[in-house]
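To keep things clear, I will list the structure first and then write my remarks on it.
Letters A, B and C mark the chains as written, and numbering starts fresh at 1 in each.
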Amino acid sequence: MADISSDASSTAIDVRPLARRPMLEISGVSKSFGATQVLCDVSLSVAPGEVVVVIGPSGSGKTTLLRCINLLEDYEEGTITVDGAPIGYRRRGSERIRMSERDIAAARATIGMVFQSFNLFPHMTVLRNIAAAPVRVKGAPRETAEARARELLAMVGLSDKAAEHPARLSGGQQQRVAIARALAMDPKIMLFDEVTSALDPELVGEVLAAMQQLAQGGMTMVVVTHEMSFARDIADRIVFIDGGVIVEQGKPDEILFAPRTNRVRAFLKRYNDRYRI
Amino acid sequence: MNNFNPLIHSFPYLLRGAGMTVLMAATAAIPATVLGVVLALLQVFGNRILRASVIAYLLLVRGIPLLVLLTFAYYLLPLTGIDLPPFWGVVLVIACYYAAFMSEVFRAGILSLPQAQWDAARGLGMTRPLMLKIVILPQALRLAAPPYVSLCVSLVKATSLVSIVGLWELTMASREVVERTLAPFQVFIGAGAIYFCICYALALYGRHLERRVLHGH
Amino acid sequence: MPFDLNFLARLLPALLEGAEVTVELAVLTIAICLVWGFVVALAQATRGPLGWLAGGYIQIVRNTPLLIQMYLVYFGFSMGGFGLSGFASGLLALCMQNGGYVAEIYRGGLQSVSPRQYEAGRALGMRRWTLYTTVVLPQVIARIIPPMTNQSISIIKDTSQVAAIAVMEIMKISEVWVETSANTYDVFLGAALIYLALTSAASLAGRLCERRFTFAQ
């Protein structure tokens, strides 16, 4: 279902036919916090329907990369496009111009993001959490948005929680609502930022199952996670980031069982020692 | 209007008024604090009747303006046969009034202590008075310190009301100076500046305490 | 003698007339402060001179007595040639002082909304107006209702101080009645009960708002 071989280094103007055009194209993105460079000329291309899992040690820049995609973080160099449309910055000749807040907001509406800490709106019911953005951002009629919200709630198995407030839900349930909330905007791509890290171990499974279901439905996904066995199950491709650069990428079994670089080997060894897999 | 001479000449007099303000505030703050702690303890640990009476007292005091209480104490205390000098009369009223607010602050401090502290103290076999004395109150008072200091600022400001019932302190002193000099603008700015120095110093101290509470020393 | 029903029957209409003035002052002050405090809170959040100005304003009004501010406006401005009525001076001073407190309440409410809430809204494609109206302000409103209720109660009580600049509200009218009759107890009782009714109404209104706007945290 996914085009695993899509070239990660293409930066030229996209002339490929629509079907082969990458859904997400990150080219030459660099970012620093003060004197520390967190992303260094990162390029990555994700095909439609592809599931890319990003792994790496903490502080490696993987979360920052994800946050750059929908411009929750600014970056100093490079460009990112989603489905061919630039996000955040466009080029005019050699100039790099930041898009207007209105255009950035419109671009963000096409990208779904799920956070480590759920970030549901505490003052809204579950149903309104999901329907709010379609109504207020896209101008969808409330009934349509709420009907769609109920469908999505059914999909993540929480139909009975529509009228609850987030505080009454478990972490796993909140995270599934957050997934439904992001899906309600009909995003072209979904970003997952360590979405199970804040959960009690027994609640991780239900969230991963929802993500698995989404992947099987053909959603393009970029997933930052520490769950290696999940990465192996769900990923079409695993990307290993360390020190702000992509060190190695490839099929899950290649990366997890036959890494080519010492850095990946060392990371996996530390990881396995800690989690005894 | 631009002439601040009246203020400069009368400044020593205003400062003496400020001394009276500070004396009055400090004298009222001490019984207010003691009564506040007692009311808080009664509300947390007392039986139903005690709790209800404390709550009724708080509702009464917090629903009536201090100025009303001061004015009527001025008229009523002599009628009831309690013959206090005016200074002690207003100190008594201010103390009773602020005790209500302070008790709320202390009660919040006591209630915000984690259950583990109570369990630990009980686990060590402490009697209730001992537990209060060495475990609960020291921590609760520390937590309550920042809002307590804000109440003290408010108490200092509230002493200005006694000038309305005829007692002499900074506000009364400034009104006297205004009557002599006919320079209300300058004189009230001067009096305000003195109040500001007293209250702001207290407020800064409160902020310092707040930082200490937040960083857990 | 106390509880003289004939006397109370004559007193009550007079006190209620005063209560009308008290309510007018309090409602106007609360309404103006809701807007003015928000403006000050937003100004304070900016960097540069505007932020310092707002911060300085808050510190000055919070650390000087309302009474001094009222005298400054009432007597000070009249010397400057643009005299205000007692009612207008009282209103201005009440708004000046309470605007500082309300600004701090707004600031606390705004700070209590986590940056992650803003991020979640932005990630859904919300622009500033939508983000504030759907995500931020509803949470701010929910969090400021309890302190705002307390502030409103405090404003109602503070209005009694305009008696000092001869505005005929509850306090001033009861002073007049005390001076002209021997029935101090009854006047005190009447005034206290009316204030209690007003503050209880405010507290009830706050409770109702809380039920409408707050949510499980």
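Operating definition for what follows: a residue touches a chain if its C-beta (ideal position, glycine included) is under 8 Å from a C-beta of that chain, and two chains touch if they have at least 3 such contacts.
Here the structure is a predicted model, which means the values were calculated and not measured.
**Q** Going by CA means, which chain is nearest the middle of everything shown?
**A** When every chain is reduced to its C-alpha mean, the one closest to the whole-protein mean is C.
**Q** Could you tell me which chain lies farthest from chain B when each chain's centre is the average position of its Cα atoms?
**A** A
**Q** So the centre of each chain is just the mean of its C-alpha atoms; given that, what is the distance between chain A and chain C in Å?
**A** So the centroids are 48 Å from each other.
**Q** Return the distance between the CA-based centres of chain A and chain B, expressed in whole Å.
**A** So the centre of chain A lies 55 Å away from the centre of chain B.
**Q** Using the average of all C-alpha atoms in each chain as its centre, how far is it in Å between chain B and chain C?
**A** For chain B versus chain C, the centre distance works out to 20 Å.
**Q** Multi-chain contacts only, two chains or more: what residues does chain A have there?
**A** none
**Q** Spell out the part of chain C that touches chain B in their complex, as residue ranges.
**A** It comes out as residues 59-60, 62-69, 71-72, 75-80, 153, 156-161, 163-164, 171, 174-175, 178, 184-185, 187-188, 191-192, 195-196, 199-200.
**Q** With touch defined as at the start, can you tell me which chain C residues reach chain A in the complex?
**A** 116-117, 119-128, 130, 134-135, 138-139, 142, 215-217
**Q** Under the definition above, what is the set of chain A residues touching chain C in their complex?
**A** 70, 72, 101-102, 105-111, 113, 115, 117, 119-123, 132-133, 136-137, 165, 167-168, 181-182, 185
**Q** Under the definition above, what is the set of chain B residues touching chain C in their complex?
**A** It is residues 1, 59-60, 62-68, 71-72, 75-76, 79, 153, 157-158, 160-161, 163-164, 171, 174-175, 178, 182-185, 188-189, 191-192, 195-196, 199-200, 203 of chain B that touch chain C.
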